[in-house]
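Shared between the two complexes below is chain A, which pairs with chain B and chain C, respectively.
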Partner chain A sequence: MRTSKLLLTVAHRLAILAYIVVALFPLFWLLKVSVTPNDLLYSEGVRMWPSRATFEHYEFVIAHSAFPTFFKNSLIVAGSTAIAVTILASLAGYALSRFNFRAKYWIVALMLITQMFPLVMLVAPIFKMLSPLGLTNSLTGLVIVYTAFNVPFATFLMQSFFDGIPKDLEEAAMIDGATQFVAFRQIILPLTLPGIAATLGFVFTAAWSELLFALMLISGNDAATFPVGLLTFVSKFSVDFGQMMAAGILALIPACLFFLLIQRYLVQGLTAGAVKG
Partner chain B sequence: MASIDIHGIRKSFGTFPVLHGVDLTIRDGEFIVLVGPSGCGKSTLLRMIAGLEDVTAGEIRIDGKRVNDLAPKDRDIAMVFQSYALYPHMSVADNMSYSLRLRRSTKEKIASAVGNAASKLGLDPLLERRPRALSGGQRQRVAMGRAIVRQPKAFLFDEPLSNLDARLREQMRAEIKKLHGDLRATSIYVTHDQIEAMTLADRIVAMHAGVVQQVGTPLDLYDRPANLFVAGFIGSPGMNFFEGRYVASGEGAELQLANGATLPLGKRLGIESGSVATLGIRPEHVVIADGGALEAKVDLIEPTGFGIIMHVTIHDIPMKIFTLDRAMLNPGPNVRVDLPRDKLHLFGTEGTRVD
Partner chain C sequence: MTIAAHPQAVRPLKKRIADASEPYLYSAPALILIITVMLVPLALGISYAFRDIQLLNPLSGGFIGLDHFRALSEDQAFFRALRNTLWWTGASVFLQFLFGLILALLLDKPFAGRGIAQALVFLPWAVPSFLAGLNWAWLFNPVIGPLPHWMYALGIMDAPNNILSDPHLAMWGPIVANVWWGIPFFAITLLAALQAIPRDLYEAASIDGAGPVQRFLSITLPFLAPTIAITILLRTVWISNFADLIVVMTNGGPADRTQIVASYIFTQAFKRLDFGYASAIALVLLVLLLAYSMLIVLLRQTLLNKG
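On to the complex of A and B.
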C-alpha cells in the first residue's frame, strides 16, 4: 500500500519532469545559441553547451541595433492592447453573463464568426481601411487591430469568470444599497482579479508575439515591433543566429515579468468562503 | 419598520407562470413564514418583494407606498440568503458595514452599529476575519448581522438555516426568535422546515403551485387545515387520509370506504350524500385502546426515542400512528384503535375542508 503510493508519486513527478524538459528545451537552445560565439556556432557540431560562452551578442543587440526601439514599440503596443481589451472584455463579459437582452444571441454568434476567418484573408482589406485613416505604419493602428481581434475571445474568457461568481453576491450588494454598477465595481470586479490577470496575460502575449499584421501594416524600423525586428537579423546572405537568439531572450523578459506579476492572482481562489460550497 | 401589502401578484418567467395571483397583507412587526413544497414559488415571491425580480402583474406596497418599480436599494429592506452571499474579499466587519458605507453614514455611527450587531450575535472576536475563515454557523451569523446593522423596513429570509446541521439549526432558530422579539421587525421567512415554520411564525402562509392555500396562525393550520394540501403538508409524520363516499344516515353520517367498510363520522356535514370525501386524522390523534372500534394490522415500528411511529393497515389503507406508549414497542400482530370524532378532519370532493 505505502510503496504503491510512493511509486505513484514518483511516476507522477517523472511524468511532469519529462513534460517540462520537452517544453523548455527550445528555450534552452535559444539561450545556448545566444551565448555561443560566432566562430564556434558551426565548428563545434551539436553540443549541449559551447566550450566558450560570450555576451557579445547581447551587447551588440542592445547597443548597436534598432532592437531597443522595437522593444519599446512592442511594449507600448502589447501593453495598450492588453489594457484596452481587458476593459472592453470585462464589461462585455459581464453583460453576457448577467443580462438578458434581445440581441444577445446574435452578438454572441457574430463574435464567434469573427474568430472563424484565417487572418491572412483579412490583411488586405484591413490595410485598405487603415491607410486612408493614416493608421498604417503607426502603433495606434496596430493597437486598434489587435484589440479588435482579441476582444471576442477575451470576452468569452471573462464571461466564464463572471459566470463562476454567484449572482447572490450582487443581489446582496444591491439590497445593501448599491446600484448594479457599484455592485459590479466593488463586489464583482475584485473577485474577478484572477480572470482579469489571465485575460491581461493572454492578450499581452498574443500581441507581443504577433507577426502577420505587424509585418503587413508597418514598414520601416521606427514603428516596427520586435517580432518584425527579429527578421532584420536575417539578411539576404546569412542569418545572424547569435544576435537573433539574444534578441529573442531579451524579448522573453517582459513576458516573464508580466506573468510573475500576475501569477499571484492566477492561482488565488478569491471566491472561497463567499457561499456555502 | 413597515407593513407590506401584496395585491394580486403574478409572475411568469417567459411564458411559464410561477405565481398565480397572490394576496397577502403583512402587519407592521409581524413574523410571516412562507412554506410550501420545492418549486412552488416561495423564493420568487420573496425576491419580488426585495426587488430582485420584476412583477408581471399586481402591486406590492411597503408602508403604503407602491414599490413595483423601485430598485432594491430604494426599498430599504434587508435579506438573508440561503447561500449567505458574504462578500469574500471583505472582513466580517466590512461585510456588516457595507450597507452603511454605501449610505455614507459617519464613522462613529458605523462603528456603533457594527458593534451592537456583533455583540448581539456573538461575532466580536471574528470581526477582522474573512468569510472563508469562518464555519458555516459563523457565516450564517454574519449574514444575519449584515441584515440587522441598519434598521430596514423589513427582513426577508430565504431558507437561512437550511445549510446548517440539525443542532445548530435549532440554536439559530431560537436566536432568530429572540432577535425578532428584540427588534420587532416585519419579517418574511421562507423555509421547508415544519418546526421552523411552527415555532417562528406569527402567521404561516402555505403555498402550493404558485397559489396561497391558507394563511393563519400555526395552530390554525395545524387544527383546522383549509384543504387537503395544507392538511398533508403541516405536521410530521403527515396526516392519514381515508378516501371514500360520504353517506348521511339517520342523525349521523359515515364514510364508505372502497372495500365496503364504513367509518362513522358522528355528525352530518353540509355536503351531498353520496359524494366523494376524504377523512383525515393526525397520527398523534389516533387512540390505541383494547376496546377500539377498528382493527389495525401492525406493519412496522419506528421508535424515535421520544415516541413511537407505528405503520399500520386499517381496511387495506396504510396509515401511521404516533404514540408515547412504550408498550407499543412490542405490540402483537394487531392492535385495536379508535379515531376520536373531535379529531377528524373532513374534506369534500374539491379537497376543501367541509366540517
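On to the complex of A and C.
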C-alpha cells in the first residue's frame, strides 16, 4: 500500500516535470538563438548551446533600436485594455449572473456572434470608422478596439465567477439597507478577486501580443506596439533572427511577471470553502 | 395625511422602473462598445460580400448580388480549405483539451512547489502567437532546429527532414505549435472549475467505496461539464478563425495542404486585395460556426434536461 502510494507520487511529479520541460523547451530555444553570435547561427544551428555566447543582440535592441518605445507603447495599451475590459466585463457579467431580464439571451447571443466572424474582415470597416475621428495611428484607438474585442469572453468568464458566489451574501447586505450596487462593489467584487486576476491576465496577454490590428491601424514608429516592432527586424535588409529573438525574450518578461503576480490569486480563494465558510 | 401618502404612492413606481432598468445599466457600457466597434463594422463587412470591393481598383464597389457566392461554390481551393479547417480545428481542440484536462487534474492537488510549476507550465500562453509560430518553424527546421534530428533518432522519421515542407505531414507542424500554445487556456479554466468542487463530496464517495475512476466519472466530470461545454465551444470557434500560426509557419503551403479557411480569407484580402470575395468566404464561415454553436447549445440543453 505504501509503495503504491509512493509510486503514484513519483509518477505525479514526473508528469508535472514532463509538462514543464515541454512548455519551456521552445522558450529555451528562443533564448539560445538570442545569445548566439550571427556567424554561428547556422553552423551551430542544432547545438544545445553555442560555443560562444553573446549579449550583443540585447545591447543592440535596448540601446540602438526603437524597441524601448515599442515596449512602452505595448505596456500602455495592454495595461489600459486589461483594466477597461475588466471593469466593463465585471459589470456586464454581474448583470448576466444576478438578474433575469428580457434581453439577457439576446446579449449572450450577440456576444457569441462577435466571436465567430474572422477579425481580418473587420480591419477595413474599422479603419474607415476610426480614421475621421483621428483614432488611427493612436494608442487610444488601439485600446478602444482591443477592449471591444475582449469584452465578450471576459464577460462570460466574470459571469461564471459570479455564479459561483452564493446570492445570500448580497441579499443580507440589501436587507441592511445597502443598494445592490453597493453590495456588488463592497461584498461581491472582493470575493471575485481570483476571477478578476484571471480576467486581467487573459486580456493583458491578448492585447500584449495582438498583431493584425496593431499592424493595420498604426503606421508610424511612435505609436507602434512591440509585435509590430518585432516585424521591423524582418523588413530590413534581411531577417536578423538574433536581434528579433532577443527582442522577443525581452517582451516575454512583463507577461511572465504578470502571470507570476496573478497566479497566486488564481488558486487562492477559488476554493469553494473560502466563500461558503 | 395626503401629503404623507403621496411620496409613498410614487416611490414603488419609481422603484419598479429603477429595478427593471438596473441590469441594463450594468451591461450598457459593454454593449455600447461592442455594438459600435464590432457589430457596425460586422454589418459593413457582410455588405462587402455582396459588392465588388477590390482595394487597388477604383472602379470597383458596385453591388453584384450573389456573384461571389456562385464563384465560391465552384472554388476547389475553398473546399480544400474547408476540409483542412475541420482537421486543424478538430485535432487542435481535442489535443489541447485532453492535455489541458490532464494538467489541471495534476495541478489540482497541493504539492511542494505547485506555485512555481503552475507559473512555468502556463508560460506558453504568454508568448505572442506569431512569435510562437516563428519559433516552432525554427524548431522543425533541420538546419537550425533539433526536432527533426530527434525524431530521426527515435525512428519516427526516415531522414531528418522538415515536416513543414512535407505535404502529408505539414499540418502537424502548426497543430503541434497550437497545442503547445493552447494547453494553458484549458488548464487554467478547468483548474478554476476543479477547485470549486466541494471536497467533502470526494470524502463521502471514498467512504462509500468508490474508486478513483468512479469518483472521476460521477463527481469530477459532471461538475466540470458546464465549463467544458463553454470552453470547447469558444475554443472551436477561435481556432477555426485562428490563422496566425499557419500564416507564419507554412503560409498555407506546401501545395495548399495547410491552407485553412481563415488563412484563405487572409490571402484573398491582403495578398489579392479582393475584400469582397474575402468577405463572402468569411460570411460562409460565420454561418457554419453559428450552426455549430447552436448544435452545441441544443446538445447541452437536452443533456441538462435529462439530468
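Basically, the second predicted complex is superposed on the first by the 265 of 277 C-alpha atoms of A that agree within 3 Å, B and C clash if a C-alpha of one lies under 4 Å from a C-alpha of the other, contacts with A are read in each partner's own complex, and residues count from 1 in each chain.
We adopt the following convention: a residue touches a chain if its C-beta (ideal position, glycine included) is under 8 Å from a C-beta of that chain, and two chains touch if they have at least 3 such contacts.
Keep in mind the model is a prediction, meaning the values are calculated, not measured.
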More chain A residues in contact - chain B or chain C: C
Contacts of A:218 with chain B and chain C, given as first, second, both or neither: neither
Which of chain B and chain C A:143 touches, first, second, both or neither: neither
First (chain B), second (chain C), both or neither touched by A:135: neither
A:113 touches, of chain B and chain C: first, second, both or neither? second
Partner chain(s) touched by A:205 [first = chain B, second = chain C, both, neither]: second
Residues of chain A that lie at the interface with chain B and also at the interface with chain C: 270-273
Residues of chain C defined as touching chain A within the complex: 20, 22-24, 26-27, 29-31, 33-42, 44-45, 48, 102-103, 106-107, 109, 111, 114-115, 117-132, 134-136, 138-139, 142-146, 149, 180, 183, 188-189, 191-192, 195-199, 227, 230, 234, 237-238, 241, 243-244, 262, 265-266, 269-270, 275, 278-279, 282, 285-286, 289-290, 293
Complex contacts: residues of chain A adjacent to chain B: 166, 168-169, 171-179, 182, 187, 190-191, 270-276
Residues of chain A defined as touching chain C within the complex: 12-13, 15-16, 19-20, 22-24, 26-27, 29-30, 33, 41-42, 45-46, 48, 88-89, 91-92, 94-96, 98-99, 101, 103-104, 107, 110-126, 128-129, 144-145, 147-149, 151-153, 155-157, 160, 164, 180, 194-195, 198, 205, 208-209, 211, 227, 230, 241, 244-245, 248, 251-252, 255-256, 258-260, 263-264, 266-267, 270-273
Chain A-facing residues of chain B, complex: 50-52, 71-73, 77-79, 81, 83-89, 98-99, 102-103, 130-134, 136, 139, 146, 163
